[in-house]
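Chain naming follows the written order as A, B, C, D and E, and within any one chain the residues start at number 1.
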Amino acid sequence: MGLALVWLGLWGANARLANLAVTAEWERLRRFAVAAIFGLTLLTVWEMAVTVFAVPQVILPAPSAIGARFVAALPMILGDLWQTLVKGALSGWLIGAAAAVLTAIAIDRSPFLQRGLLPIGNFVAALPIVGIAPILVMWFGFDWQSKAAVVVVMVFFPILVNMVAGLAATDALQRDQMATWSAGYWQSLLKLRLPAAMPLLFNGLKITTTLALIGAIVAEFFGSPTRGMGFRISTAVGQMDLALVWAEILMAAIAGSLFYGIVALIERRATFWHPSQRG
Amino acid sequence: MMPSPVISARDVSLTFPTADAPVHALKDVSLDIGPGDFVSFIGPSGCGKTTFLRCIAGLESPTGGTLTVNGMTPDQARRARAYGYVFQAPGLYPWRTIAGNIALPLEIMGFSRPDRAERVARVLDLVELGQFGGKYPWQLSGGMQQRASIARALAFDADILLMDEPFGALDEIVRDRLNEALLALWAKTGKTIGFVTHSIPEAVYLSTKIVVMSPRPGRITDVIDSPLPRQRPLEIRDSAAFIETAHRVREGLRAGHSYD
Amino acid sequence: ADPLTLQLKWVTQAQFAGYYVAKDKGFYDEENLDVTIKPGGPDIAPTQVLAGGGADVTVEWMPAALAAREKGLPIVNIAQPFKSSGMMLTCLKESGITDPKTDFKGKTLGVWFFGNEYPFLSWMNHLGLKTDGGPEGVTVLKQGFNVDPLLQKQAACISTMTYNEYGQVLDAGLKPEDLVTFKYEDQGVATLEDGLYTLEEKLKDPAMEDKLVRFVRASMKGWKYAEEHPEEAAAIVLENDETGAQTEAHQVRMMQEVAKLTAGSNGALDPADAERTVQTLLSGGSDPVISKAPEGAWTSAITDKALK
Amino acid sequence: MSRVLPVLSVLAAIVALWYLAAVGMNAAWVRDQAARAGETVTAGRLLRETMVLERPVLPAPHQVAAGLWEGVAGQKITSKRSLVWHGWITLGATLAGFAIGAAAGMILAVGIVHNRAMDMSIMPWAVASQTVPILAIAPMVIVVFASAGVTGLLPKAFIAAWLSFFPVLVGMVKGLRAPDAMQMDLMRSWNASSGQVLRHLRLPVSLPYLFASLKVAVAAALVGTIVGELPAGATQGLGARLLSGSYYGQTIQIWAALFAAAILAAALVWLIGLAERITLRRMGLSR
Amino acid sequence: MMPSPVISARDVSLTFPTADAPVHALKDVSLDIGPGDFVSFIGPSGCGKTTFLRCIAGLESPTGGTLTVNGMTPDQARRARAYGYVFQAPGLYPWRTIAGNIALPLEIMGFSRPDRAERVARVLDLVELGQFGGKYPWQLSGGMQQRASIARALAFDADILLMDEPFGALDEIVRDRLNEALLALWAKTGKTIGFVTHSIPEAVYLSTKIVVMSPRPGRITDVIDSPLPRQRPLEIRDSAAFIETAHRVREGLRAGHSYD
């Protein structure tokens, strides 16, 4: 009951804030504030629920406890972040994205490959990570390389699907124009199809930022050195240190959101012309 | 002796298969266009003007008859970059500025950077959009977009210029000025021009040959060779020859309409 | 019948044969119990399931249980079917390791985590080896589910259980003479494995206590039956494995090995063993697994009644 | 025929490469074994033995095929050794999770497009939700569900839904915002309600985005289910099968389960592609 | 006494902020349009005709001045479904057939199914597309698409009809016919019509009031009240009053162009 009240109160404030007319300079701050208040609402409800229902710490720790643990263990958590996000997820994401884009182009370039590779590509990419992870750990060793490999496999398919759809997203008139200028394949790719594919490509890139992080973390469950977010989480669960688990999750959420945010920012720059960006 | 035609159509037909009945967009169209001809196509909407222009440009394949351009198939001619084409809709790429859009075919055809800049500036001035090179297409009015697309087709020097209602969205004054500019360009370069319009005076004023078409099935009902001289001041529109030709075109058009 | 849920530490295999046999042979029925056996798996922390109310009793290793207790989860050992430890470190002979005291330094060792790392860590503490990967210590790998790191030579040694992974190493084609093994028992760092644990508050309820007494009695009957009939026990385990992944040969061998570990126990915890476990975990090095001796972490209340 | 030929030739190329890789990757083990036995290996022996290892680093295609055949056709489909049975279990949870996730994603996307407060508050948290490593909280989810008395399909479906709602959300938000200015203006000039704009303009325009997202989402749902099956007590489903294979080092069993899962995913993706083609054709959008 | 105006603009201005210099699309535009007026807007491309029409329809908010429609804000009038709007580009939805496109606003406004079918058939005939109801937009020629979009705006009976170059892509004959049809509709229903065109004869033939505009900044340079009677046979185009008015419009246009 009290929970519902807190929820309604804060949500109301938020709705008012969101609909307030503000100048452009304040817009950024406002967006941030709205998201923050929403988060605060969630946290408050969580903290109250944990206290009211006396949930045991080993099931769900209170946000305050998580915060304290987060601060205390920050150096270690940052070390884990470096291992998992930068070495594992980021490198894998970059390789996977590049591979998917190139494959999409190859598929698009050759009708033969399109018919031959796309179904098989779909199939290979549909291999579930939890199945591939142990195999890739066996192949690429325990360190970040195997995590990157898992991420490559994981992000490949979503980017490929979106990129293939994107390359097909030109309209007939635009293609006819290229034809009248007798543009070569690469020219019309570079000047028409790639720009036109950007909105869908970024769709894929955005979805996979979070997948990459999950992939790298999950892969650590199947073997890892004694650092990394996945390692720490599974070890901490085993040690009943749930506050540390959530502190790592918090870090993952912050880093992942940042990752996503950066990609979204680049998207805004690169596809400024698309109706969805012109508001 | 006639010079051998640049574009030569013999019994060209094109049928679109659609879900219900097939559409006969063109039926047995025969036409010769000589080098340096300025040919206007006029006719009720849906009579196949756009379709015929697209066939010439190799964008559509006739389902019957033969069509040659400079002795080649339209497709070969397209590959040889024989055409400048102004489409009925502006079709500018939203991610490029107006200047960028005009420069695009130049980039594709490998013009050097300074050459590109010079040409873009020249054609932008020609269509009176000098100050708008840095704007994006959605920031321009409809007529301005149309002019940008004309400028784009003029920027490179294709021998054959195909224009599908290029001046439809322009007011009389600009239209007159662009008509004059087009004639000047044509006189200077000797291009072969195929031009779709709905304006009878425009067709008569510009063309050496006026092709009147009629729909269902799309076909040519009349081909009028203009009696006007190649040098055409605007005042020529008050001459008897002009008015007489316009009259003949109007009659042809009306006949085409009487079918429905 | 009275319902009761048992959470296993790992997947269905002969390691837990006693419980499956008791269920299959009707020993639980005889005690008027309706027992649900929940298999575990990687990332199932039995103690967490217990805390969450998902089970009444769980099979757990004492180091993990004591660590959880120190974290504030009041869990208590009520019975100890396993007398001795089956844990060991298995090394490739070609790695050149012959003596733990001198040869581990600089080597890569595979270890299970998720609460199973405590015995290893306290052993390394005893040896005075750091586990942070520095040149003066050992490099630790979080070992996955299987013995591949040894076969692929990604680690010099890996953790194995006498009854399971060691057999898999042999199945894979390596000969005992290609290997060197170090049992925790022999190294004097053995800790108690596979005990039965429940929450303190459950013991306060007489009805629950009575159920637990009957459960432990029937389970031990199951264990003793399994020790005597390894083939049949293995068959029962196979029958209960829903993944269909187990092979008969492997389970029979596992049963035979497990029987060696349960042989010395009638189910009652020997306080001396427990004290020894506590000492092992407390002593040695800067980084003990638990910081102080626990109080009330085991009780004989149940086994006293069950075994009389 | 022209559709089968390219697939077959690409397939043949892959199988050939695979055989080569199998020889290459398994060779070390064969040599080591021979060295331990004090023997030398000839090329012929290497070739022969790398094809038939019981625990290969990379099983040869025919080994996987045999494993797959054994799992699919070699058993009664009600047997717990049957891949069909395990696949069926996984499929149920996948579909349930996909349905929940896709519906949630679409509903949230509609909300986000229509409500500024939702746009600003939900999107960042939806992103954050996806960065929560699901495998880490999967056991907790299962534990929490179990302590609430919910077991079986639902906890797995929940995890599947968790993973699959996000692609749908992102794609749909983009798609629902894709109508161009004039199309929107038309609607405004008719004073169409936002519901009508949604039905008649935003939804049709968003379809290409939706279908691309659904394909990703269904694959994600399968992954989610399999992840959920790992800690669910690891008893039933392809996930459990994968895991137990992994635990007992039965490489071929892993690969067979893996392929079964991939076939399942590919079939689901193909079904959505089919739905896409039919819808687009019925809408006159496929040319 | 004048009847109170349906549309009343006082010093309406609109500035688009763009990356470089802001564009003054409209500056201090004042205009009254009475009930039943037929007002044509004419002027060089980019002079703000479309922008002004959009302001009237509540699709764009002026950055200065006041604008009322039936005493309401344009936005309120839009909500009251006071407008039928024909955009400069056809803007048909590609996933609906022509008939479906025309029926769409009717669906949205809650017309009954038989009523819808009847109206769709009627307006399709009016724009001479009777046989094309079942086709998809891309199967139609440019002019046919334009006509479909006119039909769509005529299908429901809005009191105010705003048309942005509706007949730009049509040939003279169809155009004449549609002009007549539009006049007949206007005479019968007494709608208030705002009409953008580039054709001086068309503007003079149709309108009761002709507004001449000029660009940079977009503004009104002349408002000409037509001396022609409300009943207008096609032949009226040869009358002296007609020619005189056309002349005045042309002068106004020319003046607007002389600025650049």
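Quick note on the criterion: contacts are C-beta pairs under 8 Å (C-beta built on N, C-alpha and C of every residue); 3 or more make two chains touch, one makes a residue touch a chain.
Predicted model, so just to flag it, every value in this text is computed and none were measured.
Q: Chains touching subunit B and subunit C alike, please list them.
A: For subunit B paired with subunit C, the chains in contact with each are A, in label order.
Q: Quick check on the contact graph: shortest path length from subunit A to subunit E, in steps?
A: Minimum number of steps from subunit A to subunit E: 2.
Q: When the contacting C-beta pairs are counted for A-C and for A-B, which pair yields the higher total?
A: Of A-C and A-B, more C-beta pairs in contact link A-C.
Q: In terms of Cα-based centroids, which chain occupies the most central position?
A: A
Q: So the centre of each chain is just the mean of its C-alpha atoms; given that, what is the distance between subunit B and subunit E in Å?
A: The separation of the two C-alpha centroids amounts to 28 Å.
Q: So how far apart, in whole Å, are subunit A and subunit D when each is placed at the average of its C-alpha atoms?
A: Their C-alpha centroids are separated by 17 Å.
Q: Report the inter-centroid distance (CA atoms only) between subunit D and subunit E in whole Å.
A: Each chain reduced to its C-alpha mean, subunit D and subunit E end up 53 Å apart.
Q: Using mean CA coordinates as chain centres, what's the gap between subunit C and subunit D in Å?
A: From the centre of subunit C to the centre of subunit D is 35 Å.
Q: Subunit D: which residues touch two or more other chains?
A: Within subunit D, the residues that touch at least two other chains are 57, 135-136, 139-140, 143-144, 147, 181, 230, 243, 246, 287.
Q: Any chance you could list the residues of subunit C touching two or more other chains?
A: Residues 42-43, 45, 48, 52, 144-146, 148, 152 of subunit C each touch two or more of the other chains.
Q: Could you list the positions in subunit A whose residues touch two or more of the other chains?
A: 59, 134, 138, 172, 221-222, 234, 237, 274, 278
Q: Okay, what are all the chain pairs that touch?
A: Every pair of chains in contact is listed here: A-B, A-C, A-D, B-E, C-D, D-E.
Q: Going by the contact rule set out above, which residues of subunit E touch subunit D in the complex?
A: 54, 57-59, 78-81, 83-85, 87, 89, 91, 93-97, 104-105, 107-109, 136, 138, 156
Q: Subunit B touches which residues of subunit A in the complex?
A: Spelled out, the residues of subunit A in touch with subunit B are 173-174, 176-184, 187, 191-192, 195, 198, 271-274, 278.
Q: In their complex, what parts of subunit A are in touch with subunit C?
A: 56-59, 134, 137-138, 141-142, 220-226, 231, 234-235, 237-241
Q: In their shared complex, at which residues does subunit D touch subunit C?
A: Per the stated touch rule, the residues are 29, 33, 36, 54-55, 57, 79-82, 86, 135-136, 138-140, 143-144, 146-147, 230-236, 240-241, 243-250, 253.
Q: Show me the residue ranges of subunit D that touch subunit E in the complex, using the header's touch definition.
A: Listed in rising order, the residues of subunit D that touch subunit E are 182-183, 185-193, 196, 200-201, 204, 283-285, 287.
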